[in-house]
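Two complexes come next, and they have one chain in common, chain A, joined by chain B in the first and chain C in the second.
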Partner chain A sequence: MNNDQLLVKIEKIVIQGVSDEQWLPIINSVDLHLNRGEVLGLIGESGAGKSTLGLAAMGFARDGCRISSGTVKFDGIDLISADAQTKRSLLGSRIAYVAQSAAASFNPAHKIINQHTEAPIQHGVSGRSESEKDAIELYHRLRLPTPDEIGFRYPHQVSGGQLQRAMTAMAMSCRPDLIIFDEPTTALDVTTQIEVLAAIRDIVKQFNTAAIYITHDLAVVAQMADRIKVLLKGDEVEESDTDSMLKNPQKDYTKSLWAVRSFTREEKPLASKEEMPVVRVRNVTAAYAKIPVLHNVSFDIHASRTVAVVGESGSGKSTVARCITGLLKPSEGAIEFDGVPLPADYRQRTVEQLKQAQMIYQMADTALNPRKRIREIIGRPVEFYLGLRGRKKEERVRELLDQIELDPDKFIDRLPSELSGGQKQRIGIARALAADPKFIICDEVTSALDQLVAEGILKLLARLQDSLGLAYMFITHDLATVRAISDEVVVMKDGRVVEAGGKTEMFTPPHHEYTSLLLSSVPEMDPNWLTELLEQRGVDNIGDAAIDRMNQA
Partner chain B sequence: MDIFLWYLFWAVAIGIFGWVFRFTGRKVQWPSDRLNVYFRDMPLMVGIGFVFGLVILYVVFHYYFIDKSTFFRWAVQGFLIFAIASWLFLTLGKHVGTQATRKVFRQMPLTASFGILIIIIYAILSVFAGVIAPYGQEEIFEKINVLPGGDPALGGDPRFPLGTDQLGRDLLSRLIYGGQNTVGIAFITTILAFLIGATFGFLAATLSGWFDQAVSRVVDALMAIPQLIFALLLLTIATAWAGSNKELITVYMVVIIAVLDSTRVFRLARAVGFNIVVMDYIEAAKLRGENLSYLIFREILPNAYAPLLAEFGLRFCFVFLTIAALSFLGIGIQPPLADWGTMVRDLAQFINFAQFSPHTAALPLMAAGAIALLTVAVNFVVDWMLHKSSGLKD
Partner chain C sequence: MKAVVLIILNRLALGVVTLFAVSVLIFAAVNMLPGDFAQAILGQGATEEAIEAIREDLGLNKNAIVRYTDWLGGILKGDFGVSFAQANFSSFAGEDTSKGGIGSVAAQLEPRFKNTLFLAGVAAIIAVPLSLILGIMAALYRNSIFDRFVNISTLSSISSPEFFLAYVLILFLAVLNPILPSLSNIYAEMTFPDRLHKTLLPALTLTLVVMAHMMRMTRAAIINLLASPYIEMARLKGLKPARVIIFHALPNALAPIINVIALNLAYLVTGVVVVEVVFVYPGIGQLFVDSVKIRDIPVVQACCLVFAAAYILLNLTADIFSILSNPRLRHPK
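On to the complex of A and B.
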């Protein structure tokens, strides 16, 4: 290998984190090398150590972590033994970092462009006016709307996808040799994600910047990286260039990651017109205070069927759920349950009505009371709705834990903090099941989980539906999930139902314009997908730009 | 102006010496690599800190051994004794007890162990005052104004190690009983304040809307009036109502201070409550159809323990100081009950003798010191608990 080309060389690095007074390894002796202008994708589940390894490439360990052995060389400079002065002169100017949540990483009290110019001025790369000019130039290249003025806004005045691009521009401000992207698109909608991906890929190529791209989304990394390294619990599983990694993964773990997306269910035939739906949303119009969010929304959910409600954030899909549960009173229209209209306010509903409709939340962390043991979390609805007490209650709780595939003896006395993300979500499901309902609302239940874990949850939900005849309303923005589990699909945009119908029908053209944009924005495992898509649709017809165009038409 | 220049000179000198210290530290080849790196990465302020610490050490040394200032010597001795005692306590805690308590002690800073030690000592003294105190709190002896120290040559008496007051009551006994009265009443008052404040705070957070508005505005109105003045005003009225019944005055005082302090607790409970109420598990409980008391006591309260407990410690200090202040002013705990605030007031004039007879001036300072020590101890413990509950690490 040509040594001039080598930019980062990490050898046998061991990083430890302190937990409960003990230093436990987070990264076990991993090597990493990166050439100039090359993009390395780091993938793995949460807790695999990918962010930690990414930060180590900057010679940095987070609080409570330490680099205990190994070397990190950046362009020949040993970053571990380098003094603070040397590191300070490198970070920001030759090494830059793009964080997952741009909204949380910008200082809300300063204008974007002032934060942009901070690094170049500090490092003496350029003066304020030059650097501002350069910022605007970068905004142009990243295709931000109104690039000449967007920098003079405050972070909260700009949307999430735009902020993420502004942050990429900021990382570029000193033309660094290396940028570390830590899950830059994970928090974004698919249509926004594609814009950011295209922008990042472009600009990295233009300036021949090396990058480490950290993500858990395989399809995304397939678009971005030249080489992919797979991590599992701090160990390297394998590394090879993108093409061969996608076509021919060597290790079992990698294969299982690749196979996740293959889970699909048979679509059940549409329910007949005469059959009484479990839940009927009828012409619901609703508003938060005076701001209208839903306009005349109607759809039916039948027993043993899954209706997926799809849309971007802000499209009103969670608001529909709030109307069904009675947290938000619709200004017009009604919710019917088994043909009987429900009172609009949950406080006026009978216990029997409340029991029939249960909810599973997106963030299992906030959905389970952190101070209660599993016994009580699941036991309370059992006691409350079914009136079981003492031994009968305990038996029922154990039965429910069995149903969600968690060992009752092991889990019944744990606190939520002692569970993994997937286990927490299972407890959330058990709590909903404990009421013995007919209908469950699943609000983005898998979007906070790793793909392998998410697949397990989807399979569990499918199995429960088959055995208990549950009706699901499945709110999601992830079309892969929709494809996997749904029977019917409702596409929402700006509080209106744009398109509705059976799954197969939805996934075959012709689509509504918006549906087709959504569908085409879902990354695929093919490394050429983004390139081909951009050729097909044109650079200006993706993401927010395309939606704006649609709204004008 | 002279003194200002003098300070400036010292500041500059310390700055220069700090720089020199770091510079030499960098030049010297230390045997261990860690020291080399330590000096290399040392910010200038740390170097200055080292030099400043040295100067402080010298000042302490000077006043202790050369100037021999009595009060300063007492302070240093007290500091060292407490430091050693809390270190011993900490070491004991690390090696005795169950796995869990040992772990708590291992992660505890010295300040917190100091605080806990003091609180334990105070608690024991207060609870067992009747057994521990050598005499009764109202017992009067013929010898008045005996000085502390127990040395007859200095005006002391071995029977009264801390001396007697103007009426001839044993000060050691009164200090111990004073702990029982002052701390006990403060404790009851704080609990009452929390019962009122937390209940209304959580109710406001859960119900929000007009209930929250109404209660919050009332609380705002109460908080707008300076607390001590307001307490004085209400107590004056209460004293008129109570007439000659002295116990009733104390009961009124407890209620008045509890209500006034509950406004602060309300604010905290409401703020904490609002953060918890937006959680999904509260929404889930609401949708399940749970009633208000279940929501407040079973869902919200367990999650608010940490901040409330920390506030409890802090609030206890304020209540305790308020009671001492009111007693000092003569309308708090009524004689003949011993109380630290009253003791400070009764003996206050002796502070004038500080220059030629430190032992005489120590009379009012003992009660004042008891108040100060407990306040500091509680604050150390509260700081540590806040630190733990907020999940902050160094």
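On to the complex of A and C.
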């Protein structure tokens, strides 16, 4: 390694976070080095300390955290011992940060371009007009639509993917030597993500900026990084260049991360036409207030089958679920259950009808009442739907806990706060099962979970389906999950069903144009995937641009 | 912008409805007060007939609903009625009371109300910027000695009774160091500097009373935002802490601050009775108290209505400003 090129050197850094008035380690003695113009990928599951380490490279610790020992050197300057003013003079001008959610990290009170020019003006790098010109130039380079005027809008007037690119432009405003990208595409839809990835990769190369790219998505990091470092609970697992890391991971933990994507279920044959579906969504059109969200949506869900409803945010996936459960009254069309039309409003449905369709939610955290013990959380629907009380109710609750692979003796008296994310989601599943339903709606149930944990949940759902003959409607935007567990796929866009069919059929060409865009936008582990895709489709035929083109056609 | 105008018109209409409801409440409440005007001026030795005659004269023997509609009808025409206490005097002076002579409620109210507004205005001009600045600085240097000092002193001033604060100020600024007059008996012919000089002490007292609320809301609203991602972003841009707070946190904290300011301004208009009495300031509060004492119902009702209108108007203004401080409403997609 050429030492002249060294930009960041972190040695034996220990970072602690305060929890219940105790300082606990978040990062245990990790080293990190980064050369000029190099991109380092930091990966790990939630709680691995990726963001904390990334921020430490800026000499910054969040409130409630502290760097307790070790050194951080940026271009020879010791950031730990540097005074606040020295650090401020580096931040924004020589080291910049791109946050996970651009929508939350842009100040809603100011125009985008005023936030862009703030760093150059405050650091005395350039004047307002000069820096505005540069901003527009950067918007051009990042292929933002209407680059000459987009900066003069407020953040809420710009879409998420565009904001994320504007934030990358903002990070570039002083032409820093180093940019920390903290999960910049995690909150985006796949088709938007690819556009942002392409833009980031491009601009980092153009200006030879060094970057630390933090993510939990292996396929994404494979596209972006020259080198990858894997973290687990604040410890470094291993580090090597991207190619060898992907092809030949050394440590078991890394291998297990790589292996997650291999879980798939056999696709069951399509149910015959004559068979009565459990749930039939028939020509449903629905609107929130006067804004139409669903247009003539129809599909069937059969017993023991999983129908994945796929689409990007705003496509109407969750609205279909709200119509099925009776939370939203369709303006036209109907929901049929075992061939019998259900009343549109859940208040008019019988307990028996309500019992048949249950839901599992995305955020197990907020879907469980934090003040109730597991016994009550699961016991309540047991009592309400099945009328069991006393000993019988207790037995049923224990049986359900067994079914979701949690030891009843250990868990029945716990509060949700005493459970891990995956365990909470299992309780969510048990609560849905408690009603003894035929049909369960799973609304993005794995998207808030780490991959290994998510896999456990998917396996559990599969096993329950096999033993209980459940029908699932699986709402997700993650095509890897779809591939893993669905039997049939319904692709939605702008409140319409674009394409529907069996899984194998859906994943083999020819596709509907939108399905093909969606499928091709899912990052793959191959480091050349993005490059090849851009060559195939062209830079102007991905993401929003491609969708616009489709809408015009 | 069209949406904002609609919201504002909507709020204005609601304000009018509220005012109407309040007028009913005021009328009912005032009429439930024990005792009446005739009894009050004639004293204990009055004969039944004399009391009845005066009641007849003032229309007090009419049905409550008739009196209410008369009263409301008058207000809609801008006539607040005739003060009972002044009625004898003006008819003696041969004046036509229905046209806003000295006997009319409006004529009594107007100079007093102007004085109150003047006092409230002076207090607001001192208190609002001062509490904003102190609040911002407390947020900037949170948990420092300065922060604690400001918190403790404003909280102790809001916790002390107003008359006590007034006497403390009189002691230090009028008695021990005779800088300001302890009596604020202003009158119409005074020059502006004179007026200001006389008003300063009650205004300072009121400043102490309202500051804590506004200052602490400013501090809390700003600190509440400091954990937001955009504040972290601003810090990571290497901006100075003062700029982070003033440019990035404050604009987003405005809505709650504006609401608290409006409430306190309303208090300055309506809640100043004690301070006015201590400083013998001829404001609406004193008039109100005096009128209640002698059961001068038209004046009491008019005062209440003015207070209610001030509250409603100030809260309405606060609503409008909070709406305007939100860029999502100012610049819809």
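Assume the second predicted complex is superposed on the first by the 553 of 553 C-alpha atoms of A that agree within 3 Å, B and C clash if a C-alpha of one lies under 4 Å from a C-alpha of the other, contacts with A are read in each partner's own complex, and residues count from 1 in each chain.
Assume a residue touches a chain if its C-beta (ideal position, glycine included) is under 8 Å from a C-beta of that chain, and two chains touch if they have at least 3 such contacts.
As the structure is a computational prediction, the values presented were derived from the model and not from experiment.
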item: Contacts of A:D63 with chain B and chain C, given as first, second, both or neither; value: both
item: Which of chain B and chain C A:F74 touches, first, second, both or neither; value: neither
item: Touching partner for A:Y213 - first (chain B), second (chain C), both, neither; value: neither
item: Touched partner set for A:F337, first chain B, second chain C, both or neither; value: neither
item: Partner chain in contact with A:S89 - chain B first, chain C second, else both or neither; value: second
item: Which superposed partner A:Y253 touches (first chain B, second chain C, both, neither); value: neither
item: First, second, both or neither for A:L327, with chain B first and chain C second; value: first
item: First, second, both or neither for A:Y97, with chain B first and chain C second; value: second
item: Those residues of chain A which chain B touches in one complex and chain C touches in the other; value: 63
item: Contact set on chain B toward chain A in their complex; value: 37, 40-41, 103, 106-107, 279-281, 283-284, 286-290, 299, 302-303, 305, 393
item: In the complex with chain B, residue positions of chain A that touch it; value: 21, 63-64, 81, 83-84, 325-327, 346, 349, 351, 354, 359, 361, 363, 366-372, 380-381, 384-385, 431, 435
item: Sites on chain C touched by chain A in the complex; value: 226-230, 232-240, 243, 247-248, 251-252, 327-328, 331, 333
item: Residue numbers on chain A that touch chain C, as the complex places them; value: 58, 60, 62-63, 87-93, 96-97, 99-101, 104-110, 118-119, 122-123, 153-154, 156-157
